[in-house]
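Chain naming follows the written order as A, B, C, D, E and F, and within any one chain the residues start at number 1.
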């Protein structure tokens, strides 16, 4: 990390490594390098902005969720945008309410696209997969559904390479049907809650999305201010390093990304647009 | 690419590499070398022409689809013909409407054969497989069907060789049935829309097919002109390099191929006849 | 091929390689060496003759089928007999009518055994497997059944050794049932059509079968003559090379075999008795 | 074979290799060495004798079956006894009637045990497995059942080591049910036919079984004589080599075994008791 | 074996190897070494005694079963106790009645625990697994159930390492249901028969169990005497070698174990408590 | 163990290895090293305390369960807390009543969270998995359910690496349904019993949980005293080694953990919070 920060400073011919260099370096290490070279059309930027605004708004409005850290529409890794939450403390277990909040946050991107752009895109595919996976675990591993404190499916994991190869189905077709119903119920509820929040805060969502289109990145306080109807302070360039030339252009603007803390498998889980 | 273009010019004993050489080289790189050696019977040429004309007509008529670039009945790779669309900009995510347009375009080849040649051939097999695959993803991965924002089936991909080995079915038989219904619904709708367009523009389709039989290749503007009922300018040979002898014969006629931009998995997806 | 023809001439101590040598060599390369050493009982020869006569008669009577080239009851490879069709031109795609004709031709061998010998034998096993396979592809890959232009089943082919390992079933039990019905429908129709033809041309089939028992091989023209009720010219030996001694005995009689052109997978598909 | 025959003569200190030596050698090569060392209790010998007598009687009485060659209760390989048929000529395909006769012969051993010894034993397990396998092939591969000329199940054979790994089930549950019914029908019919024959020839079966207990081996003519109610000529020892000492004791009595010709997979198929 | 017997004598500083040494050696070779070091609580000893007494009583009372040889509550290998039967002669096939008797004997351990100790323990798990396996083979391999002489399930055994990998299910769901019913029927009947015997001979079972707790091992004659209500001769120490010191303590008491002869797969099958 | 104890003493510069050192060493060997470095938030500590208090209370109140040894909320290995029982003697088999008690103890953690903290967390996931696994074995391996003394599912274990790869399902769908019902019945009953105990001893549970929050570890006697309404003696520091500096800080406080004795597979089974 220190190395990365030093490199950033060096590329800009500065001798002092600032805290800002560290923040940029941290984001790079955690989220993957930015991909400025990935050219998005205006339409895709707009889609991404509303999608991420959905995630961000719902993350702020749900008290059980971790606080919003940052939201951005600068592509990183495979994602066109990111919403990042910062947990108040390291979590070792998660409550049902926390998980339900995550389901709502995951649904919010698709909902925002539907409500404001009258479309649904493939970009929500990862959100949908993660939400379904989470809901399935709530039902099948954590005993949080109406099916009660039983586990369903036997993991076969350590055989080759220590990886889970197959979730062995050891239950009846009728049980499979009940599991499907309970999974759907969790996802549907997450959708309904998220939709309720977004419908109630239509203007706020538009303000967040438009601010994202203008600034590309917002932190939690800025999002809250927008929700409260305040104006953001005009964009200043003074507190940002000047755009360097060449490939260091990627550090022109300090950015970060809001991301949901890893709640499953220890895997990283950014919100792609 | 530059190499390929230089080679083309060299084979024709020209010292100047023209833009045309580049276009030919680009097509060769993207679509695979032409296969002039593949002898098609007149009947197969006719089938291919009507099949491709179907793809081309529907691609032009659907506003959500990418613009038509070229359509050809010169065999390339495994395909007897190709229809190529050019996206207005690089896409990173696809809207439901765009995907539905693709389904219609994929169905259009089979429909044209049925309506004008009173037959259906195995040549549409790849179109059908791709359409079904696309529709299945819309339902199972992208949450675009009446089943809502849930994913169905767990991919097991990275185990050996980084390839997807199996789409693990982790849902009930009843859910499998609903998925089948939704997949069918998407494909059927694509078929219905395409059929409606072709029935409404019967004469245009015949004109495109017949022009293809005469010229073997048409660009988007020519197809649009034919749809508008205009005559194409008589085939001139002046703006084409003279047929060289030997194996360079394959560059006699500058050709290209219309192809649908890759919308799935980053894979190439030409429309075979 | 030239080599093989030269060898044939050499074995007979001839200095001139005749067209006939080429035909024999071609048959050997395409169909595998004859197996004169495989001793068939008279009963098995009779079974084979009627079986092949069934294939041949139906192949001639169906206008959509490729023309009959040869039919033989001399064993080759694993087959006790062969019926060979010659396509008018190389085909790259096949129409539904062509495929339905193939289904009828495949069924005709079993039918002839049933009608004329009052038996059914294991010898039709390969015909049945190929017909079922073909019908299944018409339903599941080529969208030619009432199930419409959808594909069913996901091929998993390139994983190990580039071979198709499993046709992954990704559809519901109800869809499986519909597929079974459509496959049966195609096979049953092929059976019905073939039976109709054979019942209408009972005498012709007997004439073909008896001529096969006498001559062991017939070409398309001879089969047509027999269907028309004409007598074949008496067997002459003048236009045949004299039986050489030793292992070259296998070229005593120029023979060939009628075979259906490969319509699936590029695989060879002779009609075994 | 010649070697084996010479060895047999040598072990008995004879200089002349007799035809009898050849017969013994042939049986040894085909059926595996006798296992005189396997000690059967009198009860097991009796069970074996009636079991084999059942196979032998039905084999003789069914005109479609190959003629009976020998029947023995001397253990060979894994079998406690053997019934061997000799085909009139090499068969390359089998008729439905021939196969139905085989089913009856396979059932006859179990039936004889049930009727005469009021028991059923595990010894019929192999007969049952082979009969079921044969009936299943008649239904699923050879199109001989009411399900008609379709094949069911896709063999996956050549992948690893050239062996059939799995009979891939590619049909619906309803089709599976119909297959089960048809398989049962064939086996039940075989059972019924065999039982009818044995009930009608109760005395003959007892005569064959008792003769087997006395002589351990009978040839086809002897079995027929017993069926016709004739007495066998008293056992003479003159035409048998004298029991040598030591391990050559195993050739004291020239023996053979009746075995059904391989009708499936080219595999050997002795009738174990 | 001789070695082992000599060692036993040597450990006790005796020069003469007695028949008793041989018996001890034989038991060690066949059943695995005793595990005196495995400390059982009094409660577990009691459970084991009643469990084994159940096996022993039923083994004696069923005429179709092999005669009882020994019964012990000294742990050996994985088993807390053993009941051993000695077949009258080597068996190569087993009758249905013999197998049904085995089912009853297998059930008897659990029943004795239930009736006399009002409990059921995990110790009967192996009995249950073996009984179910046996009943399943009676239905699926040996054609002994109401489903008749058909086999169900295709063994796939020789592929890797010569081991049975999977019993491939090649039948319909309805057939699976019928198989389950027949398997249950066999096990239930075994349970009912065993329970009837134990209820009728309650006192005998208690006598056997209490004698086992006192003596740890009983032979067949002693068990029969106890069933007949006789007293066992008081335990004498004269005919037993004196307890040596050190690790030879394990031969203080000559012991053996009653075990059911291997009726399946040639595998060993001791009755664990 | 001795080594470990000596190391502990050495790290504290003591020359005498005390019994306490041995206890700490034993716990470390058995339960894995403590993880003081794992920082839990106050909320997580509270959740863990109530969760473990649930396990401990029910373990004490059920007479069939092994006596409670210790309960702790100091993280060890993957667990946030542990409840450890000490069996009165080594068990080699387990009675149904003992297993039912274990099911209740396993359920008690989740119940305590629900009743006192109005939440359910992912932390109970392992309890749920183990309870389901145990109940499934009671039904499928040990014949303790209404389905009777049959086993369900065939283990395929020794094939690769000696590990159980798959529990092969060899029963019908209807049987699968019945198994699901019986498994659920066992788990539900365990839940009901545990809930009854906790509701009846609400105050005791709160006292245990609060004492855990204060002291982090309690032994069986302390838990019983709390249940009886007694006060614990005030925490003294005299009988504890002083906190050393550096990484030996991990032995500041002697701790242990209550753990359920391994009842399945010989595997360790700590109760995680």
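Quick notes on this one:
The rule is simple: a residue touches a chain if its C-beta (ideal position, glycine included) is under 8 Å from a C-beta of that chain, and two chains touch if they have at least 3 such contacts.
It should be emphasised that the depicted structure is a prediction, and the values quoted were computed from it without experimental measurement.
Using mean Cα coordinates as chain centres, the one most removed from subunit E is B. Matching the C-alpha atoms of subunit A with those of subunit E calls for a turn of 120 degrees, to the nearest 5. Between subunit C and subunit E the centroid-to-centroid distance comes to 62 Å (mean Cα coordinates, whole Å). For this pair, subunit D with subunit E, the centres built from the Cα atoms lie 36 Å apart. If each chain is reduced to the centroid of its CA atoms, subunit B and subunit E end up 72 Å from each other.
Those residues of subunit A in touch with two or more other chains are numbered 173. Taken as a contact graph, with one node per protein chain and an edge wherever two chains touch, the assembly forms a single closed ring in which every chain touches exactly two others. Each chain touches the next in a closed loop, which from subunit C via subunit D reads C, D, E, F, A, B. Partner subunit A is touched in their complex by these residues of subunit B: 88-97, 99, 141-144, 148-152, 154, 156, 159, 168, 170-175. Taken together, the subunit A residues at the contact with subunit B in this complex read 38-41, 44, 47, 80, 107, 110, 119-125, 127-129, 131-133, 135-136, 153, 160-161, 163, 165-167, 169, 173, 176-177, 179-180, 183-184, 187-188, 191, 273.
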